[in-house]
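Dropping the structures in below, format is structure tokens.
In the two assemblies presented below, subunit A is common to both, partnered first by subunit B and then by subunit C.
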Partner chain A sequence: MAALVLPAGLLVSMLLVAPMLLLFRISLNLYSPTEMMVEATSAANYLRAVADPYYRQVLVTTLLVATGSTLLTLILAFPAAYWLARMQSRWKSFATVVVMFPLLVGNVVRAAGWLALLGNGGAINAALLGLGLIAAPLPLLYNTGSVVVGIVAVVLPYMILTLAAVIESIPRQAEEAASNLGARPLTVFRRVVLPLALPGVIAGCVLVFVLCMNTYASAVLLGGPQFKMMAPAVYDQFVRGNNWPFGAALAFILLGITLTLTVVGSAVLGRRYRRGKLEEAA
Partner chain B sequence: MILSRRGTLAAGAAFAAAAGLPGLARAQGKQVVVGTWGGDYGELLRQNIDAPLIAPQGIEVLQDVANADPRKTKMLAERQARRGTLDVSCLSDTDMHMMSQQNTLDTLEMGRLSRSGSIVAGLRKPYAIPHIYSALVLLYNPEKVTTPPKSFADMWDPKYRGRVGFSDILYSTNTFAAAVAGGGSFSDYGPGKNKLMELRSLDAKVYPSNEALAAALKGEEVWMTPMWLARGYMWQKAGIPLRHVVPSEAAYAIVFEAAIPRNSRNKDQAYTYLDAMLKPEAQTAFADRMGYLPTVTDARLPQEIASRISLSEADQNRLRAPDYDYLLRAHSDILDFWNKQFKA
Partner chain C sequence: MHLPSPGRLAFGGLVSAAFALMLAPVAMVMVISIFAQEIVSFPPSGFTLEWYINAWQRQEFARGFLSSLQIATLATLIGVPLGTAAAFALVRAKPRGGSAMQTLLLGPLAVPGVVAGTALYMFYLRAEFWLDQDITSTLQGLVAAHVLLTIPWTVRLVTASLQGLDRAAEEAAANLGARPFTVFRRVTLPAMRPGIIAACLFSFIQSFENLELSLLLVGPGRTTLPVAMLNYLEFRMDPTLAAVATVQIILVAVLMLITDRFVSIARTV
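Showing the complex of A and B:
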């Protein structure tokens, strides 16, 4: 049986593990403006990233945007996922395809659409100006709000599809039994649906949080030049600054923090879910 | 499931054969891979060099389209490789100098270029041919800026608060403009830092790309910007109300060059391509559409275009290339300041 994972294992080793090891080695080198990279075994790049208030702020912005976007996505996705999961109509397959439709469009193309909508000369400002509701265009673009909107639009289908799969497995009778015992809809949701859907919530949040932490296109195109998240900062160091060692160190810091938060977050929520099940059994 | 030794070897051989196929395909015909920008530049290469000058020689041109920074990164990443992916690389003079310093480029054998004798003397380099050039100017909207500016220092006039715009990708030349306005020079961008912070307090705006800046100039959101004269010409042609002045502090030249990476796989075709880039008819097409000046002595521009994109004799005499060695050393510091303090 172990041989079944061999092809995928080899591919991952070649395409992920080996480059990551190389990148880690690069992160220990030093940057030189004339030689680009000097062989060394130094933690200087990591220390610089941690000590520099600019990169600390970039990291805080990334964490806040990723957490906020994940929560907003969860709030928006849950009702849609519930509706999709409980749908009996023959249109269910069509509705699922509609949910997946945004995934067929690349991130950059989608961000370009937001630019056309939110820009100073975009559709919203043009309409408001045309109606005489505003005298000057509203600054809808190049701020945190526009980035969050762009990110949520990208990750919403992942959350909806993950939640819908779990909600579908919750027997409808569980909700009906709670209602028969006098529980109001909100109580049914809070005491029955949400706890049973918790594995889906955890999986969806982990998936979406990881995607949000690594956002690039939405941050660059909708955040503008003054808005910085970690992925564009890594790109800047590699491509604009030619400082590969520091870019590699930033990449590993981003990886480390994302991994730690997702592992700790899933463990805490998972323990709560298991404790709930045990209490139920008792 | 049991994997036999023979089966594993067969699978490995098939994988290796599949991986080697692109190499075989390359070897079958004459090809040249040109690392270039997309947009107008790539299109003009296709229309005026690839189709009329290269294809008739039985050479297929493959464009590897990217901005300059990713192309530089690719060249650096492939530096140790025996066989690279680019045969010709197009970059600005500053970037090309950096790539030359990193030992990624061949020294050109000028004898293999029939057109090398026509190159303008001041633009010759051992590692690259000059393709087109222009100058850094101050673009302004004459309807809003009624007193024509004379220098970069005019951007600091408080009456233009919030009306000066910058393109983020031109951080280096923007810093240069601030530096010379503050008493700096081609070899000292230091004074630019304070000047940029002053301009920041005057609500200068930064746009993510040249195109976004053009939209802001068109919508009269900003009225002034340091920019290449050639870009200004293109934007004027597109109907944006603009004039330009070569600032009194300095006339900074930008040359777009082409070179052959050391690990190019098709050197003969690469030389053929560079030679074609120096043909007068190819050069005049870039002048007409993009406003860049020819780098060869025998390219004749129509009078109407020449008058709009050429520099006066006095400005031409002041025109200087950047201090490449200084920029190589200071580049990281300039970018850090731009990102972490000016834009923060």
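Showing the complex of A and C:
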């Protein structure tokens, strides 16, 4: 019966593990304008990625956008998650589906929506012009702000669902006890809800940060041609530059940051969880 | 009657802002798709459905749509049985190295789409060289890539539904004289059913809307709907594209409604 795992295992090994090993090997090769690629075992591509000011800037932009978007997402998602988790009416599963729906609609569709909202003839500029608040359309698109808005909208459902699952497991009585003892709502949040929801906050932030780091559609469509993040930069090397070894190195730097964060995040969560268990046992 | 406190107002404001950010772009696309004028502007000069016809007449959208339907269907039909078998084996046989296997099968979710996409592209080019056969920009190449997306979702969802099954029910059936296959068909399989149905939904949609993995694997004559939309949007946003996007939104909504009749979607996450 254990053999039933083999077909799926083989498939993932062949279509994910083998290609990634190949990509890693390619990242150690060297680019040549005449031969495309020369076999080598060199770290030159990795060194160039961190030394070249242009690519260093791309990496810094990506990290800053991902950090800002993650924090903004956390601030926006926590109240929504709390509201969803504490909802008791029969609308609760409907509200959950409403949160999941945009997630399933796809990034390109939602980027199209932002283009229609933020463009020069878009809904927001039209409303402001109509109200006489501005004389000319505001340049809302093709800047860092529009990319962050697009990214936050994309990752919000992930954060809300992750946080709601954890908040739901916090007994209501803990909050009631605190407020009966005279704690104001903000104190209850700071001293009771937030500490107990911390595993969810960490898990949600790691997940969302990783998604932000790897943003493609929002960066390309809402940032415009001048705005560069890591994922589009990787593709450019394969589509336009034909410098496969360097593109492969950029991909592995992105993967390295992603995996490091995921591993560190789950290690922190694992330690907290075990410590909690120990206190329970004692 | 008392006025809401500033804290409550801030709380309500943040909740509304989160929902607005998530839903506004989806709603806006649907609204734009019936505006009469060709350039996105407000207020509309009238309403029309002609952009839907226009969208269907554009080859890249019609072909992309049919191609994405085909790829998503095939990837689901291949990936869900493979993932279900693997989840069943992992939960029931508890093989040695099971947790490593589980990590491997969930791997496609952990690796960024861009990285997996470029790796697969390089791999396909290498394989084309060895086999002397086209793989990139073929149906087979895209389906194989998309099966990769369906496996982690299936393993996760079916594992969850199997872990909820009490073995005692199966033992009772066996003690009452049911043969192993009958036990599987009448007890185990029905217990796995919600997981399998949810896996079909998520697999199909993950494949249908996937951009990153497909981006380098499409080519002349074989594109997918999200890639066709991205290429179009890099130049302009107009009601024709909004119509295409609206069709995708409606497709997802209908699939969710159908699935929700069999299994509570809200409980799958």
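As a convention for this text, the second predicted complex is superposed on the first by the 246 of 282 C-alpha atoms of A that agree within 3 Å, B and C clash if a C-alpha of one lies under 4 Å from a C-alpha of the other, contacts with A are read in each partner's own complex, and residues count from 1 in each chain.
In this text, a contact is a pair of C-beta atoms (placed from the backbone, for glycine too) under 8 Å apart; a residue touches a chain by one contact, two chains touch by 3 or more.
None of these values were measured; they are calculated from a predicted model.
Aligning the two structures on subunit A places subunit B and subunit C in clashing positions.
Touch criterion met: A:F238 reaches subunit B and subunit C at once.
Legend: residue contacts after superposition of the two complexes on their common chain; A:P79 is shown touching subunit C, with no touch to subunit B. After overlaying the two complexes on the shared chain, residue contacts for A:V38 are found with neither subunit B nor subunit C. Applying the stated contact rule after C-alpha superposition, one finds that A:G121 touches each of subunit B and subunit C. Once the two complexes are laid over each other on the shared chain, residue contacts for A:V268 go to neither subunit B nor subunit C. Shared-chain residue A:L71: touches no atom of subunit B or subunit C.
Once the two complexes are overlaid on the shared chain, A:I134 sits clear of subunit B and of subunit C alike. Of the two partner chains placed around the shared chain by superposition, neither subunit B nor subunit C is touched by A:A174. Subunit A is touched at more residues by one of its partners, and among subunit B and subunit C that partner is C.
Touch criterion met: A:L221 reaches subunit B and subunit C at once. Remark: of the candidate stretches 21-29, 111-119, 147-155 or 219-227 in subunit C, the one overlapping subunit B after superposition on chain A is 219-227.
Residues 1, 3-4, 119, 121, 220-221, 238-239 of subunit A are contacted both by subunit B in one complex and by subunit C in the other. Across the interface of their complex, subunit B is touched by residues 1, 3-4, 6, 31, 33-34, 36, 52, 54, 119-121, 220-221, 224-226, 228, 236, 238-243 of subunit A.
Chain contact summary for the complex, subunit A toward subunit C: residues 1-5, 7-9, 11-13, 15-20, 22-23, 26, 75-80, 83, 92-94, 96-102, 104-117, 119, 121-123, 126-127, 130, 149, 152-153, 156-157, 160-161, 165, 185-186, 210, 213-214, 216-217, 220-221, 230-231, 234-235, 238-239, 244, 247-248, 251-252, 254-255, 258-259, 262.
Of all residues in subunit C, those touching subunit A in their complex are 7, 11, 14-15, 17-19, 21-29, 32, 39-43, 82-83, 85-86, 88-90, 92-93, 95, 101, 104-105, 107-108, 110-123, 126, 144-145, 147-148, 151, 155, 205, 208-209, 211-212, 215-216, 226, 229-230, 233-234, 237, 241-242, 245, 248-249, 252-253, 256, 260, 264-267, 269.
Of all residues in subunit B, only 1-3, 69-70, 72-73, 76, 98, 101-102, 168, 206-208, 215-216, 219, 221, 328-332, 335-336, 339-340, 343-344 touch subunit A in the complex they form.
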